[in-house]
Amino acid sequence: MAGFLQKIKFDKWKGWLYLSPAIVLLLIFTVWPIFNTLRIAFLEDYNSLTAMRGVKFDFGFANFAKVLQYDGFIKCLSNTMLLCILTVPVSTILALVIAVCLNSIKFLSRFIQTIFFLPYVTNSIAIGMVFAAMFSVIGNFDSGLVDSYGIINNVIGWFGGKPIDWMGTGSGEWPNYVVMVIYIVWNALPFKILILLGGLQSVNKQYYDAAKVDGTSRFRVFTRITVPLLSPMLAYVVITGFIGGFKEYSSIVGVFGDGMGPIGDAGRLNTMVGFIYDALPQQQLGRASAAALILFGIIFIVTMINLYVSKKKTHY
Amino acid sequence: MSENKVINQTAEKTAAPAASAVTMAERDMAKVTAKQRVVKVLVQVALYTFLITMALIVLFPFYWMLISSVKSLEEYNLAIPTLFPLEFHFENYVEGFKTAQLGQLFLNTLYVGLVSTALSLVITVISAFAFARLEFKGKNALFAALLATMMIPGELFTITNYQTINNFLGLNTLGRKLGSDFLMSLGNWSNTYTVLIVPFLVSVFYIYLLKQNFMQIPNELYLAAKVDGTTDIKYLWKVMIPLAFPTIISITILKMMGAWNSYVWPRLVANDDAHKLITNGLRGADFTVDNMIHYPRQMAAVAIVSLPLFLVFLFLRKYIMKGVSRSGIKG
Amino acid sequence: MKKIVCILLLVAMIVPMCFAFTGCKKEDDGKLHIKFYHTMGENLRKVLNQYIKVFEALYPEYKIDHEQIGGYEDVRDQIATEITANKQPNIAYCYPDHVALYNLALAVKTLDGYIDSDEVITRADGTTEILGLTEEQKADFIQAYYEEGRQFGDGLMYTMPLSKSTEVLYYNKTYFDVAQKIYNSEIELDINGNPVYLTDDKGNFVLDGEGQKQTKPNPNKGNEMYNLFVPTTWDEMELICARIVAIENDRLPAATKAKADKVEEVVISETELHKIYVDKEGKKLAQVIPLGYDSESNWFITMCEQLGLPYTSAEGEHFLFNTEAHHEFVTKFREWYIKGYVTTQEIHGAYTSTLFTANTGTKSYMSIGSSAGATHQRPKKNAQDVYPFDVGIASIPQFNKENPKVISQGPSLCIFEASEEEMKASWLFVKFLCTTVEFQADFSRESGYVPVIKSVNTDPVYADFLANANGGDNVAALSVKVCLEQEEYYYTSPAFNGSAKARDEVGKLIQAVFKLSTTTADVPAEVRKLFNKAISECKYHAQ
């Protein structure tokens, strides 16, 4: 009997014991950082080097103010937003169309589906380098002394277009964005197709049967039945797309390298996450923390808006 | 919270059979008139044309990587690129491998991947087990708190972790004060494997995923086992792990892929040759020959780095796609 | 139950095990270990190792552990991080900006105490030295280099110079010589300076009565265009650039000239008229950019110094480079850029030495770059195993010849706060490297950097090295020689937290102003905008 009581007592803390490794690690690497980052963000000009000297920092919003008044940060912010706004709708619509098409074919469906999933199992830095190779002009674009305009420019040439300096020294800002948008969409497609296709395949077929009987047109079926029924999945891929988009960083490193921009204009395509990482080696942790909190705030607000909109529009 | 709900639904829906979409179409075929049949065929042709075109576009970067990797530099630099190599220069692979020092990088990454996956699995399994099977005070609050951390972007943690790993729990400062090299080395993690492994051992999402999976196993089994005097560990090992095996494999693969693809954190904390990971090494490698990037060698190195991922994909596609559709996280 | 506990213990043990491989624990050899971070490549490390052995023989109680940490910025970032965890090295390669950064944490030891010390130290071989620097040693340093250690605004010495470089003007000596020859020659010469012989309709040489090939009179004799000389001022540089462009236009094949849509004429003087061939898209047909300037930042800062304009200050208002005069000189050089006289590393997309040494395509005939990079300015040997041209090296052009200024760059050494004993050992090693003639000589020969002490000339091997300087195989020696001759010209800029950013920004300013569209209506307004932006960028980072 005593043993049984002991056992019950042990059961009480056994759960905590099992969870202890996870809890300890989370306390150190997740919970503490949340508090510490919050603290540092409000310590004016907190720099871990100056902190070593024992300097006391004032408490206030100075880091936020300085970061928000800094053109470099605004540039990172606008780059991030622009990439988000350009890539999320494009990749979502494209993924939806592909998923619907995939769902309407039988022969080779699995095979094609696998091909579309392939970009997912890649290293985004490595394949970014492939995209860079495809878009790069070999030689000096400005002076016209070019060995090769690169495969993409050649393809454009076949359709009668003029070569563009996509990402070289002195290339324009828009060509740079176009390269990034293409790469990011390419990279984002597989996940979205997978989710949407999964959603499509579980849609109740009765709706379609009813539509067939009514003789509803395909397009109408798509807009009136498929999209509404798919709305939870669409909401999901849009939300995750935005969250991922706001954290865009390594895909740009993949294509443009550590400089985050074409040679001669490093940082042109820098993003919020890049801004935070750049501040770390200089030990400007106060501003990095403020930037991280701003990023969190933006992601939070955008997610809330997305959820609000999708709740209104989602049909279960 | 609602995000998780969505994830959960997705998980169930993906599992639904894929083939049913077509059967209906077949049934309807009988009813349609000849004209409609023509339309149907045309639509199918259009569908295939579109899908195949898109598939080719999606595949093109891989194709370009492969053919570029065997071209000579002269051929690569031709004004009108060849779509198939004129001659094959497999030595690019040797040179690319050497230039990026992929051997060392490969071993580093493999080590980090294996150790972090193994440790992470142990922690995930026992944590999921505790949440799924044990009753204790504060369980629900704790679980909710864990899920809440998933909302916060990782960059927010990085800043403090970057400080933490240089002076873990203040051990480094303490060690220096006491003159203890051992304490100092305990506190100093930068340029070690530890720094690449430990901060990411716990993934709340994997715990959540596995917990859901464990919950589907009837509780009666556990109670029966307890009556038989089976220990928790034995039960976990004999019953739960086998039943949740597909999920565990998914987690393993995603975790390994994560190590293979990680770039940002290693770049900050492990820059020395002995600990550099493969992605960092590849991006940092200088393929310049005579002031020109030697693209074929670079592409060969990229192909080598991409190969293991493709192999894993080839053999474990099912688990990856399942895991991905549930997790929505890359690696 | 025990089993569960066992498993948990196991987990608890595995995690620390990971910690354990943190520790490449130093083997306890009873010696005082001194950690030294640098950026030396393999060859230089060999030289260093050799002299570390010498040092450790003199001081067996010390052990120097040195490590290459990537490039200068990697060293800076790593040390900055390590300072926050109290584990910085003892000695590091540094640039003044880095020291300013480390000093946010007051981590760099000032050296005045050591320099002035007359404590006598007995070495293992029984000889003695004083801890500080003797008067001879102090006097032996090239003063400008030595004084760099004091540029931190408080008059204290923070760094010791290890090896230095500057910027020099590389020019294509063969090209310049041939042009001069053409300018002076009575007979017509080809582009290699060889006589052009008279030929008949069939292409056979026309021989004179004595069987000698007949030469032609030189149409370019006295043509000012061919009067090339090494420019010593920026005005001369502009003229030489114009002449090189004109020569290259003159030498365009007739077929290319025929394709030209327009011929622009530039009147230099009554006797000098340049013709520029332009196609219908406005592109210039001659593929030449006479001058390449590698470092935009150095260019800007050096121009400030040469013109006597302010750049930055360690005290008070830091960023002073935003006046009309600054706008003016950058705008002036922009015109050069538009005329195709000059390009820079970032604008060109690679070191400008690639243009200077190019065999085909666009070529440059002058290049301003680091004196330590002389071997990169030398062209590759051709099939006959000779250099296609001879490299000439000269001081960079000046605005005011009376008060010449060239930048001083290259690594110094700083010592970090640690125990007294460690800092003393570090100082002894730093002093050893900076004042040992043999090390300075060997290091200079291997790296192409300039030694920091004058007495290296007493080293016979080094004297030999300098004596054999030429524009081919021994181009590095030639560069060092030119540097040694301009030892009075050096300047350095103040170092403070944010000075590195200022350097970056002025470099970007040059690029941005040069790249302003040629259709810009109000150039001065745009230039002002760019300068203001650069200043605000600097201020953000200096806060």
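Order as written gives the chain letters A, B and C; numbering starts at 1 within each chain.
To be clear about the criterion, contacts are C-beta pairs under 8 Å (C-beta built on N, C-alpha and C of every residue); 3 or more make two chains touch, one makes a residue touch a chain.
Since the model is a prediction, treat every value here as computed from it, not as a measurement.
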Outermost chain relative to subunit A, judged by CA means, is C
If you tally C-beta contacts across A-B and across B-C, the winner is A-B
In whole angstrom, what separates the CA-based centres of subunit A and subunit C?
41
What whole-Å value do you get for the distance between subunit A and subunit B if each is reduced to the mean of its CA atoms?
15
Could you work out how far the Cα centre of subunit B sits from that of subunit C, in whole Å?
44
Note: subunit C residues in touch with at least two other chains are 1, 4, 8, 11, 15, 81, 84, 86
Where subunit A touches two or more other chains at once, by residue number:
14, 18, 21, 48, 281
Touching two or more other chains - residue numbers and ranges from subunit B
122-123, 126, 162-163, 198, 201, 232
Which part of subunit A faces subunit C closely enough to touch in the complex?
10, 14, 17-18, 20-21, 45, 47-53, 66, 70-72, 140, 143-145, 168-170, 263-265, 281-283
Name, in rising order, each residue of subunit C that touches subunit B in their complex.
1, 3-4, 7-8, 11, 14-15, 18-19, 21-26, 69-70, 74, 78, 81-82, 84-87, 350-351, 354
The residues of subunit C that touch subunit A in their complex are 1, 4, 8, 11-12, 15, 76-77, 80-81, 83-84, 86, 101-102, 104-107, 283, 287, 346-349, 361-362, 511, 515, 533, 536-537, 540, 543
Quick one: which bits of subunit A touch subunit B in the complex? Just the residue numbers, please.
11-16, 18-19, 21-23, 25-26, 28-34, 36-37, 40, 48, 97-98, 101-106, 109-110, 112, 114-127, 129-131, 133-134, 136, 138, 146-151, 154, 186, 189, 191, 194-195, 198-202, 205, 208-209, 212, 218, 232-233, 235-236, 239-240, 243-244, 246-247, 249-250, 253-254, 257-258, 272-273, 276-277, 280-281, 285, 288-289, 292-293, 295-296, 299-300, 303, 307
For subunit B, which residues are in contact with subunit C within the complex?
115, 119, 122-123, 126, 162-163, 166-167, 172-173, 176, 181-182, 184-190, 192-194, 197-198, 201, 231-234, 271, 291
